[in-house]
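I am attaching a structure below and will ask some questions about it afterwards.
Order of writing sets the labels: A, B, C, D, E and F. Residues in every chain begin at 1.
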Amino acid sequence: MRLLLVNPNMTTAMTDSMAALARKVAGDRAEIVPLTAPRGFPYIASRAEAQIAGAITLEMIADHQQGMDAVIIGAFGDPGLAGARDLFDLPVVGMAEAAVLSAAMMGERFSIVTFSPVMRRWYADCVAATGLSARFTGVRTPETHQPDVGRARDLLRADLVALARRAVVEDGADVVILGGAPLAGLAPEIAGEVPALVLDPICAATAQALALASLRVGFGARACKPVGKPSVGLAPALGRVIAAG
Amino acid sequence: MRLLLVNPNMTTAMTDSMAALARKVAGDRAEIVPLTAPRGFPYIASRAEAQIAGAITLEMIADHQQGMDAVIIGAFGDPGLAGARDLFDLPVVGMAEAAVLSAAMMGERFSIVTFSPVMRRWYADCVAATGLSARFTGVRTPETHQPDVGRARDLLRADLVALARRAVVEDGADVVILGGAPLAGLAPEIAGEVPALVLDPICAATAQALALASLRVGFGARACKPVGKPSVGLAPALGRVIAAG
Amino acid sequence: MRLLLVNPNMTTAMTDSMAALARKVAGDRAEIVPLTAPRGFPYIASRAEAQIAGAITLEMIADHQQGMDAVIIGAFGDPGLAGARDLFDLPVVGMAEAAVLSAAMMGERFSIVTFSPVMRRWYADCVAATGLSARFTGVRTPETHQPDVGRARDLLRADLVALARRAVVEDGADVVILGGAPLAGLAPEIAGEVPALVLDPICAATAQALALASLRVGFGARACKPVGKPSVGLAPALGRVIAAG
Amino acid sequence: MRLLLVNPNMTTAMTDSMAALARKVAGDRAEIVPLTAPRGFPYIASRAEAQIAGAITLEMIADHQQGMDAVIIGAFGDPGLAGARDLFDLPVVGMAEAAVLSAAMMGERFSIVTFSPVMRRWYADCVAATGLSARFTGVRTPETHQPDVGRARDLLRADLVALARRAVVEDGADVVILGGAPLAGLAPEIAGEVPALVLDPICAATAQALALASLRVGFGARACKPVGKPSVGLAPALGRVIAAG
Amino acid sequence: MRLLLVNPNMTTAMTDSMAALARKVAGDRAEIVPLTAPRGFPYIASRAEAQIAGAITLEMIADHQQGMDAVIIGAFGDPGLAGARDLFDLPVVGMAEAAVLSAAMMGERFSIVTFSPVMRRWYADCVAATGLSARFTGVRTPETHQPDVGRARDLLRADLVALARRAVVEDGADVVILGGAPLAGLAPEIAGEVPALVLDPICAATAQALALASLRVGFGARACKPVGKPSVGLAPALGRVIAAG
Amino acid sequence: MRLLLVNPNMTTAMTDSMAALARKVAGDRAEIVPLTAPRGFPYIASRAEAQIAGAITLEMIADHQQGMDAVIIGAFGDPGLAGARDLFDLPVVGMAEAAVLSAAMMGERFSIVTFSPVMRRWYADCVAATGLSARFTGVRTPETHQPDVGRARDLLRADLVALARRAVVEDGADVVILGGAPLAGLAPEIAGEVPALVLDPICAATAQALALASLRVGFGARACKPVGKPSVGLAPALGRVIAAG
């Protein structure tokens, strides 16, 4: 199988670390084809940025979906997910959604722990979009924003462990999701210090992409697919997909 | 006051008819500044198209917000609304949201009646986004898609009246929203035939834009505003807004 | 236009201060016709009192609705709102509901800050009545009841700012509603000290009354209107409205 | 024990038939003290009427609570219930709420069947007020209003059985509540024709009043009780209760 | 009347203390027939244990339902409740559900206070099962597990009062449920120290069993009853009930 | 990897057909170890039966978990799922839950189509247990019960296609789950006749078991695990697991 791993952020280092984790999960079951956004933002952190980056995500998928078995949108917050799912005839998985739904199959209540209070609002919106808010114990973050996103993981390790422990003991979570691409790979490292299951979203997303692709469901004639229509100014491949309907 | 009326669709005739209705509501209280999408789609009808058109909407607002008192996003479905609201320091109103919240102040349960089954899914998502699904009696549409969107209003008039009546009698709605730009202006024409309040979304959106602007709330230092950041490949004005944070 | 501003409380000073704010919002668009409850309570603060004052509110509207374009119920908690809306053929706006729905069009999550813990329960019920509890971050109040309601605004200014700041930083609100007639007019004064939009309910209610009235929706033949019926012992005008159905 | 059965409607025949049923449920456990509203409406059927009749209900309870062990509000729709519960230091039970919560202890999903489409809206609001809408399969009624409320039970018997059967077979209800005082006593008569449990609200309310009273819970120092305050123009006993706090 | 009080726990002392309380509530209205689980656990405290003990509960009811008017499942958490309700032709009441629904008839928001953090998760699930989570202010417990369940009531008395007070003042509860069989009988003792109504679940369950039984509803031909079917290895009486359908 | 496929039903033919499908999904990634319930029911169809069969499921898992990487509970309705998840230190997947959550990652709204109206109630409860009722368009079934469960798939093929089509066109589902072990394997056969994605629950459950197992999450020290305790009369291995805590 081949999985397209679309990073809607422009930071290649993030793509690389996510691809490495995805490969570890996929093993020899699938080739991971990583892609970094050619324009947009170094790191998406708001709904406005997700609106723009989500449109770029659709372009990236349209350009590279040929021969793929599933798509992973590699940004916690899932920019472009709902639109991509309607448009393309293969499974499309978002990191936040995959982590949340995997958590819902491993425990009763889940928490998201992340590196910056700036993400709180957007991540809570993502959970609401899945419909599972009633099983969500909230987003726990440090109180101040760490501007060096790339080093967040190392600088904040102890804080993140403490937050995860509070999510378990005070909020009653039995699964903790480490949200945000900058924390990719941290889960197994801190799992021993947290009395709950600890999930890595890129791993969850890869596992889910493989799972959904393995079902070999036919996407042919979905009634929910948008009616084909002309467009102006879109990237050519995306325009063709939308024209075909 | 000056209200920016952004039509995320490319159809100028729609912009014209919405602007005419908006001017009627605004009277001499505000100048309506209409704008038609320079690229994108003739008529947005899905979440995928809304993802793309929403990004274009942000560009259009960034380009023309100077000197405006509020913004109306002139497409039922509100492409770009959440992002625009976080980003810009003035009230931003969506046609669907404004109609739904106005309906919630005029009655207990509201219905959306529109011209095509194709819109059902997206419109129901819009109501869910407001949080008011529990007061929503559903979307009523003709059973088949009328491809000539521009003539839907005339061709389907009798059907739409019948659907609105069923929304009242069978579903228990006391407010009926006529959803979708192609039905703009139809509400007062059929109101006498429907035993409920009948709302026109562009009129509701204009009234709400005026209402929110008249509150003169300070947008200065909102904690929820995205942190400023660099970007690549965005339209210049939008890039500047996002860089400023 | 003419807006009937019904104060279900008996305190004329409150009516005066609300009328002054309403006039500021309405400008030359509408005449504000204020009315103070002739019986009932100096200041409504519970569901029991709202049950009684709501019935008085219906009487006041029945007595003075002639020639009005909309009604504002000038008590946060909206006594009599649902009944008035069913009964009278013009828009009826409640201070709490108008503030909550305006907040929902200006941000994602809203908080209510008020002057006494005594109000917490009733205000939370009001939000629940709108259906928007999922976007509500709660009521923040001082811990003790300040019995001199008239001076609450001055005595508690610093506390209220601190509470509003906590609503933003700890609870994630991006709009703060200053609930309760005694805080009328405080919003613009403290807005600079709170990193969120700050809403004044009487201003929001006035803006919404103008907005809904400007839609000129026909109220004629609503199926939801109560069937006419005789009554005993009601104020004459109210009895006539109910008899007419 | 003594149970005050307050009929917020002015129709003595209804009070009599409800009292007879209540006495059958109470047996020798409690004396039923029936009371008919001295003013208001022959039969309450809307939220506006409930606003007014609810205030009258508070007066009636204040006048007669002395020596009572619990209060039953004898109108499906529970006018005045929330306020009465806050105000008076004894259990107060509403017919709709008692029926709904009893149904929730006897089955998984419940339906309300009643005699007129006019009641649909108000009854659905009552269920929403309990918080149990997710277990509610809806209100089933004949399509047209039967103006002779007193004879509804006899004239509509076959229709009501058919509606109850549809509530079970089509909607999945396992408990059917026969809503509205005019249907009091019908439940056992038709139970054999309906493949579900059939509940009579006045019986449920009497049983619940006895149940809650038998718990002998102390009402003394509830924090949720309204603070005492002066009032103008209230019935004397009600004024005294409110003044005492 | 005769009420079967099934204790799904194996601890006879608990059965005895629950039976004593039940007898006090029932007075001469009903004989209480207590039963202690012949196998299973000394004290159920998790969903896994409830799965097993719930099956044992069904056996106990099948063995002893003959001649009974209602059944009380005497464990807060209600093991086996949903299945028993479908299966047996008489009212079946659970301690948690009865306490929660009684609380919902006595106040607006309720809290559960119990003796160990270990119970939090299961008790919250129980409230969710009733559908009333929106009126639930949460479970308050001491921070550490007190392993001597039998002495919890005496050892933790002061802590429980303090927790109940916080549930009222901080969480806004107006009814406090003392959850868990080990706290049976404590409610009236501490009621004077808590500014809210304090409910004892076994008392609430007994009162509800009497209430539902007094309605004399016919259970005969419920459509929701499982279709009869053969089984292997079940206790004989339970096998017969299931075979009969 | 090794996946334990526990069939809580006693019908070996069902186990065989589920195992065959699971093997097809797992390919050479995992060995499927099927197990048929040694006692209980030929086919579970109610909550009462699920209570009993769920306890048997826990025994079966305790007896055979050694060396397994994940467990699949092979009955749509997921008997014993919540308890098993708390108790055992490996991923446990239920057919209904896995199908529902997979559906939620492949579309916006899902329907369940099954072979008998008898299952409606239990299946709807299963969806409610996941928390995703808001995205659920309901259970569609033939109107009458087909007693020969084993032949349901062949006898009802045309009916099931028609029901699935109605779920898409009338209810707005974009994913259809074919619920119930007797329909295992039917999904790919009818997919071409249904304009939506069609999911087979045993395939979804297998894919999810593989996905969750591949995450290699540490189950060691979960705070949510039940405290160890003695038991009487349990199957030995289950008793040991519960004693260990």
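As a convention for this text, contacts are C-beta pairs under 8 Å (C-beta built on N, C-alpha and C of every residue); 3 or more make two chains touch, one makes a residue touch a chain.
Please read these numbers as outputs of a predicted model, since none were measured by experiment.
Shared contact partners of chain D and chain E, listed by label, are C, F.
Distance from the centre of chain D peaks at A, each centre being the average of the chain's Cα atoms.
For the pair chain B and chain F, the distance between mean C-alpha positions equals 43 Å. Per-chain Cα centroids separate chain C from chain F by 51 Å. Among all residues of chain C, those that touch two or more other chains are 82, 108, 121, 125, 134, 174, 224. Across the whole structure, chains are in contact as follows: A-B, A-C, A-E, A-F, B-C, B-D, B-F, C-D, C-E, D-E, D-F, E-F.
The part of chain D that touches chain E in the complex is made up of residues 25, 29, 82, 85, 91, 93, 97-98, 101-102, 104-108, 130-132, 134-135, 168-169, 174, 187-188, 191-192, 195-200, 203-204, 207-208, 210-212, 214-224.
Listed in rising order, the residues of chain B touching chain A in the complex are 10, 38-43, 45-52, 54-55, 58, 80, 82-84, 86-87, 118, 121, 125, 145, 224, 226-227, 229-234, 238, 242. Across the interface of their complex, chain E is touched by residues 120-121, 124-125, 128, 133 of chain C. In the complex of the two chains, the chain E residues touching chain C come out as 108-109, 134, 172, 174.
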